[in-house]
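What follows is a group of structures, each given as structure tokens.
What follows is a pair of complexes built around subunit A, which joins subunit B in one and subunit C in the other.
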Partner chain A sequence: MTVDVRNDGVLVEGLSRRYGQIRALDGLNLNLERGITGLLGPNGAGKSTLMSVLATVNEPDTGQVSVFGLNPRNGGERVEIRRRLGYLPQELGYHRHFTVAAFLDYVAILKEIVGRRRRAEEVARVLALVGMERFGRRRIRGLSGGFRQRLAIAQALLGSPELLILDEPTAGLDTEQRLRFRELLSNLPGDPVIVLSTHQADDIAAICPRVVVMLDGQVRFAGTPAALAESAAGHVWTADQRNESAHLSWRDGDARWRHIGDHPPADHEAAKPTVEDGYLMLSQTKEA
Partner chain B sequence: MTLSFSGATGPTAGASWHPSDDDLAGYANGAADGVAAWSVESHLGACASCRSAVSAQADGEQLARNRAVLLALVAIPDGGRLRRLVCRCGIPDHLLSLLTATSSLRRSWLLAVVGVLAVVTGEAVLVQHLWPGGGPPGMTWHPGAAELAPFLLVGPLLVLAGVAAAFMPAMDPSYRLAVAAPFSGLTLLLVRSVSALVAALLPVVCAAFVMPGPSWLPAAVLLPSLAVCALALAAVTTVGPVAAVVAAGALWVVPVVWLAAARSSLEVVQGHGQALCAVVFVAAVLVVFVRRDRLEMGWVQQ
Partner chain C sequence: MSLVSTRAVIGLALVEASRLTRSILVLAGLVAGALMVWVLVYGSQPVWWNGSWAIGYGQTVVSMAVLIAAQFATGRAHRDGLAQLYDSFPSSAGRRTLAHLIGLAGAIPAALVLIGLATLVFELQGVLGTPELAALVAGILLVLAGGAIGVAIGTRFRHPLAGVLGGFVWFIPFSQSNRWTGSITWLFPWVKPDQLAGLPGPLTGYPPAAAHAVELAAILVLAGAIALAAVTVARRSRIGLVAVAAAAIATIVVTFTVQSQPVSTGDLNQLVSTVANPSSAQPCTISGEVQYCLYPAFDSKTASLRSPVNEVLAHVPAAAQSGRTLTISQYSGLSADDSTLTHGHSAQQVAAWQNQLLNAPANSPSSSTVYVNLGSWPTSGQQAADARFDLALGAAEWAVGLPTNTGAGAGTSTVAGPVSPQCVPLNQAREAVAIWLAAQAAELPPSPFQKSYRSLDNSEFAQVNGAIIVTWPYPGEDDEDGDYFASPGPQTTAAGYLLAQAMTKLPTAHVASVLSADWDNWTSARTTDTQLAAALGISMPAVPSGLLGPSGQVLTLPSTMIPPQSECTA
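Let's look at the complex of A and B:
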């Protein structure tokens, strides 16, 4: 299905952003359709900068951004984008004296949900979504890291946003919580545009129909997780001994060496590449 | 909605009164307000017939949702008597909720302000008590002025610090959420800043009443305090918040210190000083108005 992302998604063209001498985004082009798009990349690749630009927190030096056909440089359209936005920044700080409900109530007001009862309904709804129904009166400073991260996800879901920008939402979550998070994202109503930045390649493989790999402020890959994995085909092999010519080598669960490299030995035992392999191959190619 | 326990639904073992049919219907469809809903909620635990009546009007999922909303309503703080009083004066409840994230309106901050003022005021009162005739022997003394210098220096700076803490991103751990939200950045900044201004000005003016200076001193500190804060807000539309606050503070400190050393610190809040503060205040307010888009875009850029 062909989608006109200018009106129904997010379109980024020639986006650049510098911080002093550091070029965080370098002429980046990207289309984001409805559904979940995973964003992979090493630290410093520009993922968080891209997300903050999409969230209208940061202004690009050059380039164009269109969110549902709206231009964030225009004051009125920027506010309209913010009305449709749910944003989880990478390092979300909390007013530690807040209770969970008070914090969500505060964010709900910022999202222009004014009536007290309407806010309570939204607070109750998002608390239920992240499994924290009984935490409303708990102080944030008394929560564990995992529950704080769930609270951070909950605030992003207030107002049922059409554009959900989640910067490393699974950081600090245990395995069960990550699985619940995947379930939550997969079942969100309204088919929102979701941009999910993570270092967990298995999260991408599990729930993202599309994946974007960013390196040095540019998009190096955009496609399906299967295509990313396939890009490493012929470059992943296993062996009993470590091969020095490989870019990366580590012992797998069977105590065999798994290698990623450009030139597998002639007698190599090819392995089925994963999304992580595809990503590692891309990043190693860039370093080489 | 007023809850009337009319006994309309008939007696049941363990309960001598019962919510009316309207109350039960309101609870079932989620329309009952907090007090009424909680009353029904607590009654249902002990009354099988009312539970049946409610179950007949709504499914379990709807009732669970209503209960979750009820719990959220209770968990969201209402701010107590003071807030209800302010609400009655016409200030919208949601604006007051936004103030809960303002550091300089927290009790610990205000206590620190009062503490600093107590030290400064106590020192001035002590000096006047020890040397009622005009200062220690051998020192050049400007009657009624020298002991005021620390207060005149610190008073407006305390107000400035309160306002700065209200708008500086570094003082708001979740400021990125505020920036990315549709709520007007300018409104948020002004609501917080004006509240912090009032909260800090009150103890400063009260301290001025206790100071051993002229009787017009409490009124005289108002305009300089306003001017310094407005200057900082105007500057923040152009430079970073730290630079803006430091510059505004310096523009107050330098003349006060210079006048205290050369002539009389009291001059800074007298005739020409007040006129200058008025000009600065008006100019700064104009700048904030003209450049308000800078504050709307990303609240305050770090």
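Let's look at the complex of A and C:
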């Protein structure tokens, strides 16, 4: 993939990272522009490693990263990146004994939002964004899993970051909350760079103008969701019977079989591919 | 560090300080520390030259609690699965650790509350002297040093048990410090020298509070440097921290050297002389036939001694007091054989001092002086009643002609003086008279008077003139909570107590009248209990005849089991 160097986005070149014998990132190149970029990939594809590198908490073995023109290997510039960053790791714990407001206030200080009044306003703002205005005094240990996830999203939004890295943020959210989350991300002011890792292809199709598919530590696809879907054109069909030659087959809501494969039968009925189909086709091609 | 980063560190420190101040652990440590101070000073006259160090001993518990709380706080992010998130913040691990260290200021209120509570209690008990500021500051530094050690542990070991374990390791030196003597003692984070409460006044440079405070400050800095070095990556910063740690270690060495300096020969000479020859250091005030001689620092306590003595003498005919003088004097059970105090001096010098102390007047028999133990009088609570009774009994024994001080050294825990057995007023009415007089001054109504006295449990005996008799251990005698006399008077007997007890049930005026009418007779060594009982119109109570067996039979003990004592004949 070719990339152009600009100061208003994130540029990744030749990024590699190993954990022992496991190659998590393998010469990865990527350009992330302002707006939402969806990150798809199976477990172990290197998505979380990539996000932790972008969040400056993990250093690559080789390769370079530029965030808004800043080099995270440089101590001063790394701090500057962190000042512009909102990060939601995949597995986030909680200070169970803190109240919701106290936790957010603490994170706000760590993000160098130092004015007491400004901090209070910021905490109130992000609580409102995730629909937890009335939960400020509640202890975190008393929150359900869904509300904890909302709190995790709220902390990432503190300080209106220019770079928002969200690793599976919708895990644990109910349907309504997922839809609200889509609305929330779509309406964030300032046009930040948002990297959204998820296993929910419909989330990506709904709100991401760009999508990146990662497989084996490499970028296998980068483009629009429509292009990803289109990449499966001619490989998706429906039929009354199951076709054994297809990579994947499942019965849809109309009780017909939907197939993804390389060789549709002559009498096939072509179906319009989705983002999910495109992603599945890519991953199946890789397996083949 | 930029202004924003500095403000963030301060903001974090404020949050951590606030959480530490409200920590249940720290509050529990405060309560336990306050209890420890209470246990240390309960039952003795509070004096600041001891109290300041006793408060520091209480601070050790607060320090332990702060250590654990600080370790919990420092390891919180890792323990709660937030380490990766925290690493993405502009506030680095080093700044967060710095904030935890600054946030230890949140433990200062607990340390100050402990000082305040102890001061309040001391003041209510009439504390003497002035607070030793350096010792009080050292106590606060002890708390902060414990916290810094907790932060240092928390940067490396996040499991809560690491803090608990660290707290106990920090506490072990305190609990074991009594196993060590000499200058090495001052290397311990805190020590409370045993004899401080028994000093007649503050001793210059002992304990070396200022140097010890600096040592604790150095430990605090060293722990802080270690904590920061554990999370600092930048080479220049690490070099700086190593330099700070080296300077702290050097300071610890220097302060230890300073603390190891012996107390000067001149100061110890003066101290030993003051204790061994109390008349040279105790100005006396005379009130009637009684003179009260106290060390200058205790001058304000004369009134508390007068009260029970006057109560006793009010029932003694003036003629019986005329021409005689009772002296109430203070005695310190100071021992030179305490290397925490006398380290650095030759064995010959220490032996000479010890010999001086053994020859103190309180260790010789007397029939006109009552020596009250310095540090034990006056006291409070139940013990106050015991102490008051003891002093009254001493005055009463003087009034009836019994010895006031047998020189037995029973009241001293540290002086292994020549033990001369107490004489026994065997079947002498004057013993019951003395006990009755003391009971009049005890300010206790009859029933508590009787209840408060130990029952005759047939467990204490004396051998006099070949016979074994049951004795009466009076309140406060060999009391584990405090010895009020340097040396007791005669051995009180069960017979004397039972007769006196029967006398307290009679109208006071009647008893006083009978006694006044023939005082010389009743205070004669030859007048018996039975004669006095008859004069009062009561029967002599039955006296236990010895050790009782399971079925109530009297057991006989081989006389070799009980050392013989002489009869009080003077």
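Heads up, the rule we're going with is that the second predicted complex is superposed on the first by the 283 of 288 C-alpha atoms of A that agree within 3 Å, B and C clash if a C-alpha of one lies under 4 Å from a C-alpha of the other, contacts with A are read in each partner's own complex, and residues count from 1 in each chain.
Just so we're on the same page, a residue touches a chain if its C-beta (ideal position, glycine included) is under 8 Å from a C-beta of that chain, and two chains touch if they have at least 3 such contacts.
Quantities reported herein were computed from a predicted structural model and do not represent experimental measurements.
Trainee: Is A:E59 in contact with subunit B, with subunit C, with both, or with neither (first, second, both, neither)?
Mentor: first
Trainee: Check the contacts made with subunit A and report whether subunit B or subunit C touches more of its residues.
Mentor: For subunit A, the partner with the higher number of touched residues is B.
Trainee: Applying the document's definition of touch, where does A:Y106 land relative to subunit B and subunit C: first, second, both, or neither?
Mentor: Touch status of A:Y106: both partners.
Trainee: Report for A:R82: first if it touches subunit B alone, second if subunit C alone, otherwise both or neither.
Mentor: Both partners, subunit B and subunit C.
Trainee: According to the stated criteria, A:A124 is in contact with first (subunit B), second (subunit C), both, or neither; which is it?
Mentor: first
Trainee: Touching A:R137, do we find subunit B (first), subunit C (second), both, or neither?
Mentor: The first partner, subunit B, only.
Trainee: Do any residues of subunit A touch both subunit B and subunit C, and if so, which are they?
Mentor: 52, 55-57, 75, 79-80, 82-83, 85, 87, 89, 92-96, 105-107, 109-112, 114, 116, 155
Trainee: Once bound in the complex, which stretches of subunit A touch subunit C?
Mentor: Touching subunit C: residues 52, 55-57, 75, 79-80, 82-83, 85, 87-89, 91-96, 105-107, 109-112, 114, 116, 155 of subunit A.
Trainee: Which residues, counting only subunit B, touch subunit A once they are in their complex?
Mentor: Residue positions touching the partner: 65, 68-69, 71-77, 92-94, 97-98, 100-101, 106, 172-183, 188, 293, 296-298.
Trainee: Touching subunit B in the complex: which residues of subunit A?
Mentor: The touching residues are 52, 55-59, 75, 78-80, 82-83, 85, 87, 89, 92-103, 105-107, 109-112, 114, 116-117, 119-121, 123-125, 127-128, 133-134, 136-137, 155.
Trainee: Give the list of subunit C residues in touch with subunit A in this complex.
Mentor: 4-5, 7-8, 11-12, 15, 76, 80-82, 84-92, 96, 234
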